[in-house]
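Just below sit the structures, each encoded as structure tokens.
There are two complexes below, and they share chain A, which is joined by chain B in the first and by chain C in the second.
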Partner chain A sequence: MIAELGLALLWMAAALAALQLIAGVLALRPQGAQLAGIIRPVAVMQGVLVLVSFMALIDLFLTTDLSVKLVAENSHSAKPFIFKLAGTWGNHEGSMLLWVTIMSVAGGFVALIEKRLREDTLIATLAGQAFVSLGFYAFLLLASNPFARLAEPPADGNGLNPLLQDIGLAFHPPTLYVGYVGLSIAFSFAIGALVTRDVGPAFARAMRPWVLGAWVFLTLGITAGSYWAYYTLGWGGWWFWDPVENASLMPWLAATALLHSVSVLASRNALRAWTVMLGVVAFSMSMVGTFLVRSGILTSVHAFAVDPTRGGFILALLAIYIGGALLLFGLRASTVTEGARFSFVSREAALVFNNVMLCGVLGIVLLGTLYPLLTEAFGVKVSVGPPYFNPVSAIFVLPMLAVLMVGPLLRWRQDKAGRVSAPVAVCALLAVLVFAGVEAFAKGIGILPALGIGIAAGLGVASWLPLRGRNLARTPLPIWGMVIAHFGVAVALFGMASESAFSTERLAAMNPGDSQQVGPYTVTLTGMAPVAGPNWTALEATVEARYGGAAPMILHPQARTFASPPGNRTESALKTRWNGQLYAVLGEEGEDGRWQMRFWWKPFVPMIWYGGALIALGGLLALLGRVAADVRRLIATDKIAYRRHRQGR
Partner chain B sequence: MRRPIQIVPQIVVQIVAALLFAVALPFAQSAQAQDSLPPAPYAYKQLADPQQEAKAQALMETLRCLKCQSQSIADSDAPMAGDMRHQVRMRIAAGEDPEAIRGWLIERYGDYVSYTPQVKPITWPLFGAPVVFLALAALLLRGRFRKGDRA
Partner chain C sequence: MSATNASPGRSGGIKAKHQRLVLLVFALVALIGAGLLAAYALSKQASYFYLPADLVASPPEAGRAVRLGGMVEKGSIKTQPDGVTIRFIVGDGKARVPVRFTGITPDLFVEGSGVVAEGRMEGTTFVADNLLAKHDEKYVPREMKNMTTAQARQVVAQTK
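And then the complex of A and B:
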């Protein structure tokens, strides 16, 4: 009953989306103006219906209704509550329903609150949003129905892949999806503004919170995903340039560029065509990412949905949306002028440099990710991995970060280099000195990590300079956000460089009582014991790590065995100190009865994720500042309107 | 084609083969037993010389585990990755050049095994792209600031 209700609601929502699109297109013509009034309510209703449909699916998973195919294939009655819940979106159909839910709810939200845009631009935006949603409804209803029933329910479900039974991963996909969908809203805004030839500061201000919000979620999603890979896969790596990771990185790169250019458009009315273009590119990258992950075209750790018909469907959607948007852009680009001019030394110029370099990285990541697929079409299998991505993306990233030391200090439109040269020179000197010091004292760590540490040092100081001479209590939140996000970049860069330069690894076969040296720590295997969890059993090692005379740290790495579905997973043990992380993994038992142990000492590695969190926090502060300002303005205009209303009487 | 001349009668060949098999059987069994032992001691064991180990580690991080999905042999639990780690460490210990070892593996398994793309006609676009992107970026920036200077 619940399943049928969910499906019916989904069909009704799809019908409303069709209505929203048709009414929107008609309302943009003079003779259809009376239709304009229904568009906002339809968008809100559509969001509500899909939300209830998604809640129906959650209910089916929580009650483990095995007559529903999706539940039977992906859940199990003995799973802990949180993984039953996460199981709702830990599969193809459920994750696509989640995608559509977030998208429609966000669309309803736009319809409910957006007041600044011209009415016709808003209608065009909502019609665009409905157009995008319709494709996903079709995909769900025709090719991946989450509510399909089984004729004969099995005795129990198949369960969830043990690798995915992890609290981090339970919330990783929804976070990324919110980001992707936020970019779809930005895309709809870009389409709306193109259709009504209304690309200007008002459009940028309406779009900016969505871009900021999407970007915060993408940042969090990528950071959390990286940490998940770091501790779950059990080999100490935190970024593999895996195609699925790249699929989440590409929208982030485009969103980062968009975020900066939309700010230029909002405050300076410049970079109009470029901002619209980036809006299209950012959503295209979300679609490319979805295609890569969902089509199963890549076989990688993450690709758990393998079905070519679905891939074809997403590819068709990709072609329709992106091709259509680019066509529209081509037709209208000549009517969108670039806007206000600026000089070589200005904040706009620095932001353009940032945009161009980010697009360079994006191009490299896109090419490197798709290249193996291209050559495979010619019958040649090649791999493109870290040895390509690291140095080539550094060509673009390091100069960009160097300019980041100066950019936020410059004035809009025109500035004199001399005005900011003194503080920047100090930071640049610091960067050079640190780089030289690292090169001199740490032999053989390679040029890239040393450069990274140098630039991180310079940027770590320079990122605070915009606060110089300001009254800190009166500094607007978006400025704080910018400063903190840029400081986060420095922190993350330092963590990455330090991890790559200074990590030490120790592999050893150990008997209880044996000791090994890893980095500054002496680690001793003191015991082995069986332990049991809710749906797994495990062997747990007890490891003592000593440093000098201090009290030992105790680590408990485990090797877990899951019963439904059967599988193994190592649960690594981590101990974080202010200056790094000790990482222990329990491997297999050798023939001689000794245990394979793996240890890493990774100096300052947590900085990578602290940095990511700081970047997201900066985005959040900027978002709060913008939204608060919008709310204030809304209240003020309402007051004025109210006063006029009373005077009119 | 002429049939090969039979010097030894067929039956003799069969008897000898059976005898050889009987003699070899215990050895074969012990070989099988060894398969379940870790066949590659250096799969999970580091080289004693830290410099050599660092060299081996750097190389292993750029070699693809062929039995896994998007993992290097340096971070895979697959037996085949273990074998390859053993091979790499043994060869590094024997003083071979890392790039020579990579070449040897590419010869055996194809370009797919190397995460470092080899410079070949089919990968030229991959190496040309950064240059093209940089040129495009320079063009874009130049055009913009020229206009800006005039304004």
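And then the complex of A and C:
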């Protein structure tokens, strides 16, 4: 019953989306103006219906209704509550329903609260959002129905892939999806503004909170995903340039560029066509990412099912939306009038540099990700990994970060290089000294990590300089957000460089009682014991790590065995200290009874994720600042209108 | 390369059209540069996929990172005295390549099953940095998809 209700609601929501699109297109013509009034309520209603439909699917998973095919294939009655919940989106159909839910709820929010945009631009935006949603409704209802029933329910479900039974999974995909789909709003705004030729500061201010919000979620999602890969895969790495990781990085790069250019448009009315273009590109990258992950042309833990019809469906959606948006851009770009001018030494110029470098990195990641697919079409199988991505992207990232030391200090429109040269020189000198010091004292770590540590030091100081001479209590939140996010970049860069330069690794076969040296620590395997969890059993090693005379740290790496579905997973053990992390993995028992153990000491590695969290926090502060200012403005205009109304009486 | 290097005095007289052109040229140069750089680096750094027969017939240059995919021959896995290095043979029914790997093997790495090894040739031995085993039906290295049915049967038939 619940399943049928969910499906019916989904069809009704799709019908409302069609209505929203048709009414929107008609309302933009003079003879259809009376239809304008229904668009907002329809958009809100559509969001509500999909949300209830998604809650129906959650309910089916929580009650483990095995007559539903999706539940039977992906869930199990003995699974812990949190994984039953997470199992809702831990599969293809459920995750696509989540995608559509976020898309429609976000569209409903725009309809409910957006007051600054011209009414015709808003109508065009909501029609654009409905147009995008419709494609995904069709995909869901025609090719991936999550509510399909089984004729004969099985005795119990298949369960969830053990690799995915992790608390990180419960929140990682929804976080990324909010980011991906939040960019669909930016896309629709760009379409709306192109249709009504309304590209300007008001449009940029309306779009900015959505870009900021989506970007915060993407940042959090990528950071959390990186940490998840780091501790569950047991390979000690935090970024593999896996196509699926790249699929989340590419929209982030585009959204980062968009975030900066939309600020230029909002404050200075420049970079008009460029900002619209980025709005189109950012969501296009989200869809390309979804296509790569969901189509089955890539294989990874993220590719739930290999189904060519689905791949073809998403490819068709991609072609329609990206091609259509680019066509519209091509037709209308020349009508986007000239923006304001600026000098080569100005905030705008630095932001243009940032944008071009980010797009360069985006191009490099995109080419590297698609290259294996292209060559495979010609029968040659290749894979592209860190030896390509690391140095080639660094060529663009490091100059960008060097300019980041200066950019936020420059004034809008026109500035004199002499005005900021003293503080910048200090930071640059610091960067050079740290780089030289690292090169001198840590030989053979490679030029990129040393450059990274140098720039991180310079940027770590320079990022705070915009606060110089300000009254801290009165500094607007968006400025704080910018400072903290840029400082987060320095922190993350330092963690990445330190991890790649100074990590030490030890791999050994050990008997209980044996010791090994890893970094500054002496690690001793003190015992092996069986342990059991809710739906798994495991062998657990006890490892003591000693450094000097301090009390030993105890680590418990496990090798887990799952029953439903049958599978194994190594559960690595981590201990975090202020100056790094100790990482232990338990391998197999050899023929001679010794246990394979692998240890890493990774100095300052947590900085990578602290930095990511700081970047997201900066975005959040900026978002709060913007939204608060909008709310104040709304209240003020309401008051004025009320006073006028009373005076008029 | 930085945009801030330009002298500030020049900028006042720049017309909007010129500025637009300069920006466009800068963006195009950077993006085309990125494209060319990527194309060059891809031709150098992409690691090619070999079946054992290909690897024996036309070995890659020494030290070049490649991937080797095939079936782990039955009875070939030997653990070395250090306890963490293994040697085994990867075959495809036509050729056999000895492989050395130091590290913890993936959970589903077993004899008679498919594997993709990432690494390089050292003499006649393939030294693997990383092994990708068939995880489950839902997670198969892309290169192995075409191999598991026909070739697996062939290899199993030969080793019996």
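The rule is simple: the second predicted complex is superposed on the first by the 647 of 649 C-alpha atoms of A that agree within 3 Å, B and C clash if a C-alpha of one lies under 4 Å from a C-alpha of the other, contacts with A are read in each partner's own complex, and residues count from 1 in each chain.
The rule we apply is simple: a contact is a pair of C-beta atoms (placed from the backbone, for glycine too) under 8 Å apart; a residue touches a chain by one contact, two chains touch by 3 or more.
What you see is a predicted model, and the numbers here were worked out from it, not measured in a lab.
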| item | value |
| --- | --- |
| Superposition on chain A - do chain B and chain C clash or fit | clash |
| Partner chain in contact with A:A350 - chain B first, chain C second, else both or neither | second |
| Partner chain(s) touched by A:V406 [first = chain B, second = chain C, both, neither] | second |
| Superposed model, chain A: greater residue contact from chain B or chain C | C |
| Touching partner for A:D415 - first (chain B), second (chain C), both, neither | second |
| Which superposed partner A:K381 touches (first chain B, second chain C, both, neither) | both |
| Partner chain in contact with A:R594 - chain B first, chain C second, else both or neither | second |
| Touching partner for A:Q517 - first (chain B), second (chain C), both, neither | neither |
| Touched partner set for A:G567, first chain B, second chain C, both or neither | second |
| First, second, both or neither for A:N579, with chain B first and chain C second | neither |
| Intersection of the chain A residues that touch chain B with those that touch chain C | 298-301, 303, 338, 341-344, 349, 352-353, 356-357, 359-360, 363-364, 367-368, 371, 375, 380-385, 387-388, 392, 395-396, 507-509, 587, 590-591, 596, 598 |
| In the complex with chain A, residue positions of chain C that touch it | 1-4, 6, 8, 10-12, 14, 16, 19-20, 23, 26-27, 30-31, 33-35, 37-39, 41-42, 45-49, 65, 67, 79, 82-84, 102-105, 107-108, 118, 135-136, 138-143, 145 |
| Chain B contact footprint on chain A (complex, rising order) | 233, 235-237, 240, 242-244, 298-301, 303, 338, 341-344, 346, 349, 352-353, 356-357, 359-360, 363-364, 367-368, 371, 375, 378, 380-388, 392, 395-396, 444, 505-509, 587, 590-591, 596, 598 |
| Interfacial residue positions of chain A with respect to chain C in the complex | 161, 163, 234, 298-301, 303-305, 338, 341-345, 349-350, 352-353, 356-357, 359-361, 363-364, 367-368, 371-372, 375, 380-385, 387-388, 391-392, 395-396, 399, 402-403, 406, 410, 414-417, 507-509, 565, 567-570, 585, 587-588, 590-592, 594, 596, 598 |
| List of chain B residues in touch with chain A within their complex | 36-38, 44-46, 54, 57, 61-62, 64, 69-72, 74-77, 110-118, 122-123, 125-126, 129-130, 133-134, 137, 140-141, 144-145, 147-151 |
